[in-house]
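For reference, the structures are reproduced in the following blocks.
Below are two complexes that have subunit A in common, paired first with subunit B and then with subunit C.
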Partner chain A sequence: MSTVVFESVTKMYGQTPAVKDLSLEIKEAEFFVIVGPSGAGKTTTLKLTAGLLPLTSGKLYIGGRLANSLSPAQRNVAMTFESYALYPHMTVQDNIANPLHSPGMNLSESQIASRVHEIAEMLGMGQLLERYPRELSGGQKQRVALGRAMVRRPSIFLLDEPLSHVDAKVRQHMRIELNRLQKELKTTTIYVTHDYVEALSLGDRVGVLNHGELIQVGPPEEVYSRPLNEFVAKHLGQPEINLIDVIVTSRNGTVLLQGAKNPKLQFVLEGKRAQVVKEANCPNLRIGIRPHKITCAPVEAGALIGEVYVFEPAVISGQLMVDFGGYMLTVLTKASDRFRIGQKVGFEVSPNDVYLFDPQTGKNLEAAR
Partner chain B sequence: MKHAKGEPLLLKIVLDALLVVMFLAILFPFIWIVLAAFKTEADILAWPPKFRFPPTLDHFRNILSGKTYELGKASLQSNIDIVRFFFNSLIVSCGSIIVSLLVGVPAAYAIARFKFRGRENIAFTLLSFRFAPALMVIIPLYIIFRKMGLNNTYIGLIWVYQLITLPMIVWILRGYIEDISPELEEACLIDGYSQWRTFWRITLPLARPGVVAAGLLAFIYAWNNFLFGLILGGSAVQPITLGALQFISTAYVRYGDIAATIVLAFLPALILSIYSQRHLVRGLSFGAVKA
Partner chain C sequence: MSSITLKHVSKTYMSEGRRVEAVRDLSLDIKDGEFMCFLGPSGCGKTSTLRMIAGLEDISNGEIYSNDKLVNYLSPQERNVAMAFETYSLYTHLSVRDNILFPLRARRVAREEMQRRLATVVDMLDIGEILDRSPGNLSGGQQQRVSLGRAIIREPDVFLLDEPLSHLDVSQRIALRARIKRLHSDLKRTMVYVTHDQMEAISLADRIAVMRFAELQQVGTREELIDYPENLFVADFVGEPPMDFLKWEIAQKQGRMVVKSPVTNTELQVPESWRSHFLGLGMKSVILGIRPHDIHLVKEPGDSQLNGTVNVFEFLGETNYAHCSVGSDEVTVVVDTHTSLRRKEEVSLFIRPERMHIFDPKTERCISSVLKKREIS
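Up next is the complex of A and B:
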């Protein structure tokens, strides 16, 4: 019952489109994550769903019912805000109870109290009920906001960047809790974030949004490993994917890709992939290589040799910036590896780990059917 | 000795001296009236002015009883009822504030929250009532009031006082409401409340300090008004600011009673200002800083 369907939904702010022709179907009990940079239209999408903003055109169905002209109160959705939007003049208890006091609920005071306590127990904040929002930490505020959303048992959760303002340790913990809660409650959830780790670790499916356009929708592993275009590849993944402009040369059945700035950087594609490049008929390509797909090798054995620009050791894996004849490449290294600035270093990349993008459109050649 | 922010000592002295001069200039008439209220008629008119004198409460007794007045040896009857003027002030000022709040709070909310055609024009028109001189409109208003039978009525004065109180309340509250995050209201809408209930549940409680500040400030301005009562009100409804005028007649000017009336007149405003100083400063700066 609790599905959300967008049918060519467009939202204009004056002449500027905030959401462009969005068509999307979110399934019952699904944890759907919308990820994108700031200004991509993520929050607008949530507000359209909640009924806080009117649609400019298109249709929105909630639970199979046309919701275009329903008021927020009629939609039975709950939303948390990036700013938490806790009512500063109410205690935690009253904040959480607010939805239950609404005219549509018809609950007795004792029912309300027991529901509030149940939620407070669940989120581990029974001792905070008498406090005011200003007396809470960021993580606690977030819990209250979640509690207020959960207490009325809505058919849909809309979560707007719920973890962006809590510190790293709490974020990790809350992410796990959120995941578990959603699976327990089985409530359809639309979760908005700019953080790709959250997107990939929480979502049943992920939708990538940029400039109001939905670029790609799919399970996390698919969106990550088969990005439809350069933007998706760049946005999902930290450190960012390495992008290199290359010149294409065909040789019999194979295709040679050579760095435009440094011809020593070469990859040979064979078989089907070579065919794709030939069909695309581009003299130039932009290739993408994930930093963890580059492996360091001894200088003698390494096919490619560069010079260390900077090295950041870290406990799990180091991050190395290598100057390779005019290209600055980011490489994730083993935890035990150590490098000095200026040191020569060899590295290897398997041609299979190279993404091929059209330099004009940014499209992934292999993803375009 | 070190001075804050490294201001030269001389500059600091000059600035402080200027402040003292300004302070005295503003405070002098005030002190003078208070002193006059406690002087005998002879002491008031004495030259050089007396700063040490035996205080008397006669003037207060006179104006509050509204009966007798000693002028030399003669005892004159007076039917000037200052208490009544005082109550007129109270009725007109409170009435104006109540009407202004009823109209102004929703108006400020609409101007702060909703985008509609002519929003800024309406807001500016309201503000323009504050800087247009009242003298400009007083004659036409007088004619209109005569025709409508509104002169010398409380309703008429309360109505015309809206020119003073309404713009102030709308503009101060607009700034206040704009400072309240719209997301709080959105959250309440999603919680299942209508726009109207959300206003009562979230916006109004959060704007309460602003409502108090704007109300107090508007009250003080209304209380101090002189012109509207003078032209549009008769003695039955005139405020206390005009009460003092009653002691000036062709036969004599009763300076002491005037002074005592003025002291009584500014007492409520003074007490309110001191009591609500914190609110007022916030209210004023909210209204002033926000464009």
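Up next is the complex of A and C:
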């Protein structure tokens, strides 16, 4: 039983709340990712779980047991830090073995050696055991830190931005490794990151945190495609979602949304969606359109027409910025497409791909809480 | 307006009593108005090259020409180049306006001319609202825009940019990248840009010069680097997700040429037109390279070139990656956003033979790129 349950957990630093009324259940063997900008309360949440910080109020259960007053050692959790925190004077082998020498482990030297080798093998570090941390690359150091966490066979892993200091290529490789490792070990994992790509690709579920508040929890596909509010929509996805202020006009059973700065930008909503907008009773809305949901189309045929501000090719998809009469929209194009600056370009958006946000509260009108 | 020509340029310096080569025998033509990126890992010599073009470093050997005029011995001021750096190096005691105007005041440019140029710069960089602020109160992206403004206002012939985006967060980086690209089009000046980020190079440059260990590896357009890499390093360094590499063998089989796994019976047919060349080389071991977006994945297993099993599936929002085992190897495949896969799911993979890259494992040269280029010309 390696579940983690937060019940109305709050952590105050003086008068400032770092985590506000957090309620969350993390399941046995789950890979749970907490994502948010810096200062969101991510690391504080991990430290509360590890027992490195006391709760201000609320209850924390680990493995079904109230853990509020348990020491870090009693919680049987292992935490890695962004800065690796390796002992510089010890070899890789000794760094990994270190937690096994702590009192209470009662392991023989040969048992320790076999565990260290098992872990080193798993992480592909067999050849590095005799090296010192200063002789390792960032990716290798992070692997040692993971090894040191794994060697104790804890019931829960707490990982704090483990990939933020390694270069892009190593990061991608480590991401795959972590994914595979966690599925093999089936150890409940809480992973903290500011990088939405890591969150989406690693998490069984993702929790989005901002200003100490948990905004949305769900599987990656759900959080990405049905964001509860503007913040979640903006934070997950690169290039960022296009946000456009529109004016709402009701006509019989339908609703017309028109760009506040350019009335040619318009969408008609029907049926249930029109009803949702009418019930919200907002004269203005902010709509959101993901860059890859905008399709380039011929200039004729009544499509929306804009002018290319800049085009940046890439290997998988190009990135186009289009000046559409007062709006600068970002569009992800097919890899083979090419555009010239100043060129007129048509584009199409299905009304189904348009998110509707309340401009005051930022709430997604269609996301039932 | 300026072209830049480097002829056999080398840079050596002494470090702790040892001679270190920072740049070795580099020859390259940068055309008038071109956007040229120097791309490579840290320590490859890209910044040393930029600093030699700027006149901030002596040239140990070789010549640098600007518009066919030798500039080796000209001071930075005499070269009419402007630089922007990784760190913004703004004067914190001056306002944004005074920072930008600084180079003109130093040159005693007339007042009306200063105001005219300032207006253009403000418009291009969208910094009208921060003109009276102090650099200390600005975001990284804003500071770098000011630093670019200070370079632009001098109206130099050549812009030299050294990792200008590397300290910015992702959103600011993407926004400023687009702005720099647009600036190049508006200013129509030669730009030389140094970066370690291949995405930046691909999105910005007309041509990219890839460097490693002080040497130029390849210079070409993004399409040339992606489709016709000259060696293993370029193939691996450029492109994201990186190219898949398989240590396979090349062999004749019933009158055809195939590349095959040395362990399992997985194989792929080599284009017929490459056959005689590989026969002539008489090689056995090869490294097969495949770009993850060149692999077509079909969800049903069955009659395919390669049968794969999904090890890790990554949902990334705008695109998805499937990391699949194929026999004893592993490949990454780019799949579209509508395709969702489960771990252990069996899939079929297809690759067009002409999209394969075949490398000589000893020399690390890409043999197939040579053959493909020959076919085109």
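The working rule: the second predicted complex is superposed on the first by the 367 of 369 C-alpha atoms of A that agree within 3 Å, B and C clash if a C-alpha of one lies under 4 Å from a C-alpha of the other, contacts with A are read in each partner's own complex, and residues count from 1 in each chain.
Here, a contact is a pair of C-beta atoms (placed from the backbone, for glycine too) under 8 Å apart; a residue touches a chain by one contact, two chains touch by 3 or more.
Everything quoted here is computed from the prediction, not taken from an experiment.
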First (subunit B), second (subunit C), both or neither touched by A:Pro291: second
Which of subunit B and subunit C A:Phe81 touches, first, second, both or neither: first
First, second, both or neither for A:Pro220, with subunit B first and subunit C second: second
Touching partner for A:Leu66 - first (subunit B), second (subunit C), both, neither: neither
Greater residue coverage of subunit A in the superposed arrangement, subunit B or subunit C: C
First, second, both or neither for A:Val268, with subunit B first and subunit C second: neither
Partner chain in contact with A:Arg180 - subunit B first, subunit C second, else both or neither: second
Touched partner set for A:Ala50, first subunit B, second subunit C, both or neither: first
Which superposed partner A:Gly237 touches (first subunit B, second subunit C, both, neither): second
Subunit A partner contacts - residues on subunit B that touch it in the complex: 181, 183-184, 186-194, 197, 201-202, 205-206
Subunit B-touching residues of subunit A, taken from the complex the two chains share: 47, 50-52, 71-73, 77-79, 81, 83, 85, 87-89, 98-99, 102-105, 148, 152
Contact set on subunit C toward subunit A in their complex: 170-171, 174, 177-179, 181-182, 185, 197, 199, 202-204, 222, 226, 239-242, 291, 293, 311-312, 314-319, 321, 323, 334, 337, 340, 343
Subunit A - residues contacting subunit C, complex: 168-169, 172, 175-176, 179-180, 183, 196-197, 200-201, 220-221, 224, 236-240, 290-292, 309-317, 319, 321, 332, 335, 341
